[in-house]
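What follows is a set of structures to go through.
Below are two complexes that have chain A in common, paired first with chain B and then with chain C.
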Partner chain A sequence: MSELYSVELENIVKRFGNVVAVDNVNLKIKENEFFSLIGPSGCGKTTTLRIVAGLEEPDEGVVKLHGKDVTDVPTHKRNIGMVFQHLALFPHMNVFENIAFGLKMKKFPKEEIKRKVREILEIVKLEGLEMRRINQLSGGQQQRVALARALVIEPSVLLLDEPLGALDLKIRQHMMVELKNIQRKVETTFIYVTHDQTEAMTMSDRIAIMKDGRIQQIGTPLQIYYRPVNTFVASFIGEAVNLIEGDVKEDGFMETRLGLVYCPESEIKGKAAIMLRPEVLEIGNKLKDLDNILNGVVQAVIFKGSYVEYRIEVEGTSFIIHKHGVTNTEKIYPVGSRVEIGWKRESSLLIPLD
Partner chain B sequence: MSRIEEVLRYIRRSRRLKISLLLAPPIIFLAIWFYAPFLILGLYSFNMINIYREIVFTPSLEHYTRVLSWTGAINIYLRSLYFAGLTVILCLLIGYPAAYYISFKMKKYKDVFIILFIIPFWVSFLLRTYAMMNLLDERGLLNTMLMSLGAINTPLKIMYTDVAVILVMVYDYLVMMVLPLYANLEKLDRTLLEAASTLGAGPIRTFIKVTLPLSMPGIMAGFLLVFIPAVGEFVVPELVGGPNNYMVGNIIYEIFMGARHWWIGSAFSMLFIAFILSLVIVYIRKIGERGLAL
Partner chain C sequence: MSIFLKVFVIMVFIFLYSPIAVMVLFSFNESKSLGVFTNFSLKWYEKILANPHVWSGLYNSLWVAAVVTVVSIILGLMMALVVTRYNFSGRSILESIILIPIIIPEIAEALSLMVMYIFLNIPMGPMTVIIGHIAFDISYVTVVMRARMIGYDKSVEEAARTLGANEFQTFIRITLPMLYPAILASGLLAFTLSFDDLIKTLFTTGPGFRTLPLIIWSSAARGGVSPELNSLSSFALSISFLFAIFRLRAEKGAGR
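So, the complex of A and B:
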């Protein structure tokens, strides 16, 4: 007996003219999962979402909702909910009418519509605003109306297309936490499209990273952060990354332009890159107990509040280091000073290069 | 700073002055060519200009009461309303699907098709009407064609009937309906329709619940642009209508130019203007409000 998935995409291909927007995408999204699709603009993430919604027809492949092939089912019969990037709230209706729209289409009795709208307004914290016009609401409130409108019909899956894009940072951060809470409360599968990895990392159970219409990696936030499968994922995820390219000579050693470097033992042979997250690198003057120690010069120091970011040049290669737990009495290495940087081989990751 | 610079600076800074400078030319133009004649019309209708064309202070409603006591006048008002109303409804029924199709269903050549609607407008209104007369005449193209095809034995009598008046008016004013509708539909955010479909609305209900209400401003604009000139139409009933198809414009012409009774003519015109104005106001209040409130 195979596991029942909320959404399955099998070998989906979508072309726009000569451009392949979605290139053989396969996805299985579990029941009640918060799943994010992320990638740079033009990577095909929105098109993939629209294919799930039925707003875009795939050229090849199969779309399944709850195990049922819906590839040829029109959008309005798919029982999905969608929150659009620019919200797409009906300007000629007030908050209540907007939210009740889907219920009316599904021919719910009047009293039940009222009750359901009241309930969902409570969940999105918009009680008392039923009679407001859409243009009388703030950006954050409109956001909640769009969410409520999509959720009130109890869709089998909720699709969100960069819904927080238009909000400013503070409200966005707040809405991220809120969204995750709402998802837990309503117990619905969420598919969330964004180019903002922070949003994806904050809320998702699993994330798929796309580039040029192809899925690069699917995994938990932790997996894709610490175990990226290629250099694209490594550099796309996280604030910064250090990659040292070279040749794996034998297990545990790599020949690089910085000399022979200790690297983790793995199956990977030949051309590869060592990935170092900025927080795993140590900085100091007399470093000990580390596998690799290199000499460099501080190029830039940026105080970022909870940490200090250093840019350090080692023989023409620039490293980014985040030093956390800095207290104001501690010495911050000034620009131009000579320092050592180092790391343990097990805190680095070997990534194959193709 | 020179005196001129100072003046220019004052103009630049004063919002009110800037607005009045921009508004002055059209207002002065309208004042001379529309409001002044309109005022004179008003003076005539209240009997405040005598036969020597002098302004006199002998206001009376006698001309109004004479117009109102003439039952034929009401009939002519109603007929004008009927012709204009039918024209506007037919323009909407023909124009909306056309504008909708071009805006929503066509990907390329949208402009080409809109220009096809505009091209007849480049031909003089009179020429177009004469052309239609040739087509609809008893021995015109339409009848000749239908008869040679054997579809009919005796020529259709279209010219000098209601049908001819309506047909030519629809043809003449269609573009005034299509253009505002098209402009309005082009502006309509397509993701609203997608949103409706994700909420379970099929194409028909999406049209009724979203597209149609959101295109009300376009319908309103088209309605007014067709209705107002159509209700005052003068040339079309004169040329293609019979004596029973006279509209207000023709009667006014007859009273002024035929009977040369400027006083009755003025009263007749003023009453009609008041009548149409009140209709338009009711229309905007009732239907327009929702459309304009967007």
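So, the complex of A and C:
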């Protein structure tokens, strides 16, 4: 028997006028998975999420929830929960009424509504705030109400549309950990849409990266960080990336504007790019035991706390290097100094260029 | 704020309200004179309140305004929903057309109504007055409602849908309560507009049906300005004032 998926999208296409917002998207999201859809604004991730919710109708394709075709089922019969970008709390209701709304619509008895609301308030840590009005809550608390309101109906899948966007950094970081904990506790599939890759990396089991309505790659955070399938994913994920374009001459060698460099052995031939994450590059004066060593000049040094970011120019090409474990200022190379940078071929990745 | 501005603001207020103040003051004057205030007296008020025409006029004005308000709210709400929610060709033209009744002279509106009624051979009376008021109050209601709906977050309705509410339940439980301040504010506006209206009523009413402004006007036309008329106008004014206060409160509530 085939595995039962929580959400399946098959060949989904959505057009707005002449614009193709979602271009043949296929997704299979597992039970209890924390799945993120990320990409730059306008990439179609929110539209994809709204199609799962039934708030947008796809022009082509099939939406399945737990193996059942729901493409023509209206939103209110899909049993999904959704947390909206601007939370969309009901301003004319208090916390209890907001959370109880879904249960009332589903005609639960009064006593059970009370019990369920109490339980969910405990999970999101808002006990005792039942009678508060929405405008008397802080941003973080409103966030939790929105989450509780969507979770209390025990949806088969919870859809989150950039829910942390409005919060400031500290609360956002806190909510990320919290969200992941809540997801484990309630054992529900979460689909999380964001343009912020840190949020996705922190919380997700798997991530899909979208661009121009198409899915570029689906994988675990580790996979998409170290094994991006194209240069778009390589640059979109992570704080920074170094890409050296060139021609793969023979297995293990590539002709670049910086000369011949060692690259990992692979099937890829012809036009390609070497991807180097900033933390895999070494910096020093007498580097040893590395496959590639280049000479450069320090253009900028930025102290970031837990690491130092160098920008180093090598024959007109700029490299970003993150040096961790710097314990005193003597080890920092000043701007203008000549340094060597280097890496082992196996810590780089070859990405085909089209 | 500079002294100059303060003085300026005070002068504007004097300019705005001194005629009303004089009228109200002399409605309490014992003598018939409009030049000299002799003694405080409520006798003109007693006189008008003893007048059955005044009461029937007030009654007519109130019920006409009530009907006009309810119908204008329903039609105006629907109009505003159409122009703010849906994208269709000709929407901007429609939006401008709605506003036209606000800018055309009232006398033209009144005359056009009368001509139309005569042309269609509709006997004039309370119904023609009500239709006339509604036809123009819709514009005001739509404008107020539309202004409120522009900042309205549609995802609140979508949230209700995801929570299991169908379109009708969403409208009743979410959309209407959220628009309540706008409905109240535009309703009170429609009510005051209808309650105060003279010109359209004058042109569209039939024999025997008179509203309060009509009674004031005909009494002024007959006997000129008198203390009795002063007190009658002050009386109508105080009712309008009451509704204006309600409206301001409703608008304040909506701004929350």
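In this text, the second predicted complex is superposed on the first by the 352 of 354 C-alpha atoms of A that agree within 3 Å, B and C clash if a C-alpha of one lies under 4 Å from a C-alpha of the other, contacts with A are read in each partner's own complex, and residues count from 1 in each chain.
Heads up, the rule we're going with is that a contact is a pair of C-beta atoms (placed from the backbone, for glycine too) under 8 Å apart; a residue touches a chain by one contact, two chains touch by 3 or more.
Since the structure is predicted, the reported quantities are computational estimates derived from the model, not experimental observations.
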item	value
Chain C versus chain B on the shared chain A, clash or fit after superposition	clash
Contacts of A:55 with chain B and chain C, given as first, second, both or neither	both
Partner chain in contact with A:86 - chain B first, chain C second, else both or neither	both
Which superposed partner A:149 touches (first chain B, second chain C, both, neither)	both
First (chain B), second (chain C), both or neither touched by A:294	neither
Partner chain in contact with A:101 - chain B first, chain C second, else both or neither	both
Overlap of the chain B and chain C footprints on chain A, listed as residue numbers	53-55, 74-77, 79-82, 84, 86, 88-92, 101-102, 105-106, 149-150, 153, 159
Residue numbers on chain B that touch chain A, as the complex places them	189, 191-192, 194-202, 205, 209-210, 213-214, 290, 294
Chain A contact footprint on chain C (complex, rising order)	153, 155-156, 158-166, 169, 173-174, 177-178, 180, 256
Sites on chain A touched by chain B in the complex	53-55, 74-77, 79-82, 84, 86, 88-92, 101-102, 105-106, 149-150, 153, 159
Residues of chain A defined as touching chain C within the complex	53-55, 74-82, 84-86, 88-92, 101-102, 105-106, 135, 149-150, 153, 159
